[in-house]
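Just so it is clear, A, B, C and D label the chains in written order, and each chain counts residues from 1 on its own.
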Amino acid sequence: MAGKMAVGVLGATGAVGQRFVELLDGHPWFEVVELVASDRSAGRVYGEAVNWKISAGPPAAVSGLVLKGLEDQLESRVLFSALPAEVAGPVEERLAAAGHAVFSNARNHRMDPDVPLLIPEVNPDHAAMIHHQRRRRGWQRGLLVTNPNCSTIHLTLALKPLCDHFGLRAVLVTTMQALSGAGYPGVASLDAVDNVVPYIGMEEEKMASEPLKLLGSLRDDCFVDADVAISATCTRVAVRDGHTEAVSVALRQPATLEEVAAALAGFRARPQALGLPSAPARPVVVMSQPDRPQPVLDRLVERGMATVVGRLRPCPVLDYKFVLLGHNTIRGAAGASVLNAELLKVEGYLE
Amino acid sequence: MAGKMAVGVLGATGAVGQRFVELLDGHPWFEVVELVASDRSAGRVYGEAVNWKISAGPPAAVSGLVLKGLEDQLESRVLFSALPAEVAGPVEERLAAAGHAVFSNARNHRMDPDVPLLIPEVNPDHAAMIHHQRRRRGWQRGLLVTNPNCSTIHLTLALKPLCDHFGLRAVLVTTMQALSGAGYPGVASLDAVDNVVPYIGMEEEKMASEPLKLLGSLRDDCFVDADVAISATCTRVAVRDGHTEAVSVALRQPATLEEVAAALAGFRARPQALGLPSAPARPVVVMSQPDRPQPVLDRLVERGMATVVGRLRPCPVLDYKFVLLGHNTIRGAAGASVLNAELLKVEGYLE
Amino acid sequence: MAGKMAVGVLGATGAVGQRFVELLDGHPWFEVVELVASDRSAGRVYGEAVNWKISAGPPAAVSGLVLKGLEDQLESRVLFSALPAEVAGPVEERLAAAGHAVFSNARNHRMDPDVPLLIPEVNPDHAAMIHHQRRRRGWQRGLLVTNPNCSTIHLTLALKPLCDHFGLRAVLVTTMQALSGAGYPGVASLDAVDNVVPYIGMEEEKMASEPLKLLGSLRDDCFVDADVAISATCTRVAVRDGHTEAVSVALRQPATLEEVAAALAGFRARPQALGLPSAPARPVVVMSQPDRPQPVLDRLVERGMATVVGRLRPCPVLDYKFVLLGHNTIRGAAGASVLNAELLKVEGYLE
Amino acid sequence: MAGKMAVGVLGATGAVGQRFVELLDGHPWFEVVELVASDRSAGRVYGEAVNWKISAGPPAAVSGLVLKGLEDQLESRVLFSALPAEVAGPVEERLAAAGHAVFSNARNHRMDPDVPLLIPEVNPDHAAMIHHQRRRRGWQRGLLVTNPNCSTIHLTLALKPLCDHFGLRAVLVTTMQALSGAGYPGVASLDAVDNVVPYIGMEEEKMASEPLKLLGSLRDDCFVDADVAISATCTRVAVRDGHTEAVSVALRQPATLEEVAAALAGFRARPQALGLPSAPARPVVVMSQPDRPQPVLDRLVERGMATVVGRLRPCPVLDYKFVLLGHNTIRGAAGASVLNAELLKVEGYLE
């Protein structure tokens, strides 16, 4: 691990925590040196304490690590937080104040006025808020950056090129979200098999607000929301991984179908220019087959880091509509945070 | 069966045909006296020829009937057609010309200018087209009436009271449709388990056009489409029965949430006034729990003949949005046709 | 309810409790007059407190009942217990001591030496233990009777006629059990979708021991186990209701396939002779189609009160093998208890 | 591809054919140079003709290949056959006669007296039958080798070490097989969701006969069956990939649980000694957790080339019982054939 940066994972035994551990295994820049869990598991060996749900077992490199507790002294420069919202808030602040660079998947600080809600392809310039954050909070080396909700990330990746090329007036989206989005044990099997649950607590509110910050601007140390009307209906379906979203958009300028398709397929941004290790070659992949994307076939396109768009066609009510799919625990959660850390490392925030 | 009207089922071995057979078992007005199938099955005993998929086996009353072929002489006053679209077109016309009252679930004649596309709660007055149909085609006792596509029926049942009270400008709908909608064998299990298929052939076109005829008017022997913009995205999910639809509507007149809820919940129409045997007491049932309706819990509300609406709330892009659920092979197919026949019997068309 | 016997349900908000409530709705002999839940729910109206998972909502007749707590005074002659094993033990004893006739689905007292483990078709004579039970415990009117585990009931119903006709030496069974057997929330959806869990805690032990008591005899106030070797492997599959079991048996006397089939299909016992309201006409239903029984088609045969057997054929290792299916929360739990109560009412134990 | 051996895939568009294509992509010894399909698809570009169901799309290296027909001239030294049984029989013989080394997954020739039914870990010595096969049939360079049925392979891999160490008297197995085993479209979703189908045509017969040849011996150019009684019940469950099997065995010699576990876990054979590219490091992987193996977690252990065994414990009827899991289209089909070809290449049969 010569020269690799030491990182830790908070909430390492949960569903998103496991995904962090998996994605960081063999990472070229980061090396997991500490795993942190609730006090209940602290002190146990990770490979024994974790109820690993991704594959047959956790990576050998970290299986032997002894879990630390949230109150223990941590040594990593970077901490990835998969903490549940019930505890994430004050813990993340405390750790950032103590000098750690905290990259959080929790919802608690996403809408804080001095915390970047970051997607490297969408609003990499928002990272500059960190200077203000440090000044305001008196932090020297610490920082706190968040990634959006799993449904929001994929929606916003698809909206960004439309916003840039044609302006965006309104978005109407219905999601069919995967079971893993609720963690483990999460959704009861009797609510999943042969069923759709047409409601996910707090999810529609997040989808209506987070994209506005992401597509908005940073002016004079303030985030200014984008002016887009968003209406979301969020449902849960019997899919293990991969959120599907049916999206209709109203644009501010006229655009042909070909122009819209070209904007989506041609979308490249900072992570692609920088060649970040976790960056997908194509952040938005456009498929032309009539029955795609599908979770079981397409959720691992670009190693789960892309948003896959299909069925692009005119919308008789708004302007255009399409279906998108994205892996909810890779690009929609842990992978998003890892990419954020890669961006900030390259940009010098982690020195 | 003293005084019961003799009826037959065309396509009796298929998925919708089976549902016809089940719903007509013990019907107070109709008695199944003949079952018709493709020439391949004709001559076989129904109970042996059918691959019954609704329960352990077909009703005893019809299990012993010998299947007739499409070319055989039929004797029933009423014929319910569950024929596949590949053969339904000319067969249904021929049988209507021969004096049968044909109630079809096939798509072939739905948009014909002299064929009623009928939902008794929505456009019972369209039945009057039968007079013109008979005149134009030279039919004496025969008639041909169709019911809409399974997704359309439930959507239109929910739209009708909104249309009546507030006017309807636009509808944006995303469906999560059940597997039984594709018949048997229909959807491959490898396309269903752990998956969503974001496409159903021809379905979006039907949903964009059929409601316009249903919500439109009959003037001077012509159907005049309603002026509503409809945009549909149709997907298939791993649910056995029950289509879920996320719907957003733009109204022509202002309405409060309470007024919209009252219009939906208070909706009653001709079948309820007439007390038709298959009519639901409430054609639209409104639920207030935040996570309803759900297919596994609610698809048999009102014996599968109602449209269940939940999650009614304002839509930030259009005016209001809600989620609806309806049984796709009961009210969405066979039950719709049976209710049409009940209406026409009461109104004197079957004499 | 003129003349109906007052009954209550303990644990009325859980999965099995709900099934009790459903099965007792409209029962010709019993009338639910009180519903009992944990102290957390006590005092709330049943229709609001229960997370009803069987259909759109609980029966109207009991929705308005106010839930009692386990410490409250109860008035019903008969109490059906769907209590979790963690609390059932002492509560059921206390209530029986207080004079109630307690019919329990919990495992706690099943193997008690003075408690009948009862299947009315299998060992109705074991009810006589109640006399000894009352003497020994000093109970006047109270009594405690249990029904077996859901997998055991269906297995034992199929074994009983084989035992009677040919003697039984060994049984090897692999179960594929439904999700509802674990209650709600029970099995996590991530453990169910696209998966089999090859283990159910304590289940194999129950299947290896309970049938021995059921198929055994009652001599001199003692239960004597049957002499049968039983080996069970219990797995969980993505089925909502209905346990499937692959069974191989070794008999003590030679028997032809036809004799075995006749013994199974011809099985009738005390509940059928008595015409008990919940008794299936045929406790064991034999199907001859090669691909049956199947949960989705056959779990409601005989209103869920029968064991459905198919694929009967020679076993190259033991003697014969077959596949059985039974509804796990109807005949496998609540329905079993209701039938026990019906038997004991007819036999005069409830006076 | 310097020095790589040219190979082709017969039936390349089907489910197993796709798995061959996937496994051979980047193979160190073999290079796919021709893909063969039914005449219906011949002449089309593979990437367009195939309905690829493994991931987002087929490997780039072969997507551009033009599909050949079964009657076309083929040039590959090795042909992997994923042909359906309806056509495989004579086609495979003709191609072997024409000088190709044919490795078939079809059932047609498995039990032929001069055709090896081969699992490299189980009966590598059976490859010697090829000399007799060539003599008898007058083939110079051609050969025909088969791999067993998917359920049989995994069962036999687990039985082999038991057979070697303790002798094997009887096996009783119940399978819970994955949907992909039936190909595409294969099992209808209405037969899969919320269901178990307790029957798979011909499967039990294969499981009762193929292991006898595999565990048997080759003497004087004849295969002699092993003397083991096998009883199988085969069922289909709603799992995409990975067959689960509940197995009970009777041994010929006494053995402790520890000895049985050690025999299974310590099993190594010719492919491991030779370091064949597709050979798993451990052909049988033994897990000690009580609830494993599970398809969703363990089917890709050893890249899907191992049989995973868990729940080893005494059987009250036979001697020991356990649950095994194996990937049915990797080790259970295409991977089995590829490993057979690797073995025969190393052993000089492909020169």
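Note that contacts are C-beta pairs under 8 Å (C-beta built on N, C-alpha and C of every residue); 3 or more make two chains touch, one makes a residue touch a chain.
Worth saying up front: this structure is predicted, and the values here are computed from it rather than measured.
Colleague: Considering only mean CA positions as chain centres, point out the chain farthest from subunit B.
Modeller: Ranked by distance of C-alpha centres from subunit B, the top chain is D.
Colleague: State the pair with the higher C-beta contact count; candidates are B-C and A-C.
Modeller: A-C
Colleague: Please tell me the distance, in whole Å, between the geometric centres of subunit A and subunit B computed from their C-alpha atoms.
Modeller: Those two chain centres are 42 Å apart.
Colleague: Go ahead and note the Å separation of the Cα centroids belonging to subunit B and subunit C.
Modeller: That pair's centroid distance is 40 Å.
Colleague: Any idea how many Å lie between the Cα centroids of subunit A and subunit C?
Modeller: Roughly 48 Å separates the two chain centres.
Colleague: Can you list the subunit B residues in contact with two or more other chains?
Modeller: 53, 190-191, 193-194, 238-240, 296-297
Colleague: For subunit C, which residues count as touching subunit A in their complex?
Modeller: Of all residues in subunit C, those touching subunit A are 53, 179-180, 184-194, 238-240.
Colleague: For the complex, give me every residue of subunit B touching subunit A.
Modeller: Touch residues, subunit B against subunit A: 170-172, 174, 176, 190-191, 193-199, 208, 229-231, 233, 235, 237-240, 244, 246, 248, 250, 290-297, 310-311, 315-318, 321, 323, 325.
Colleague: Could you list, by residue number, the parts of subunit B that touch subunit C in their complex?
Modeller: 52-53, 55-56, 193-194, 240, 296-298, 300-301, 308
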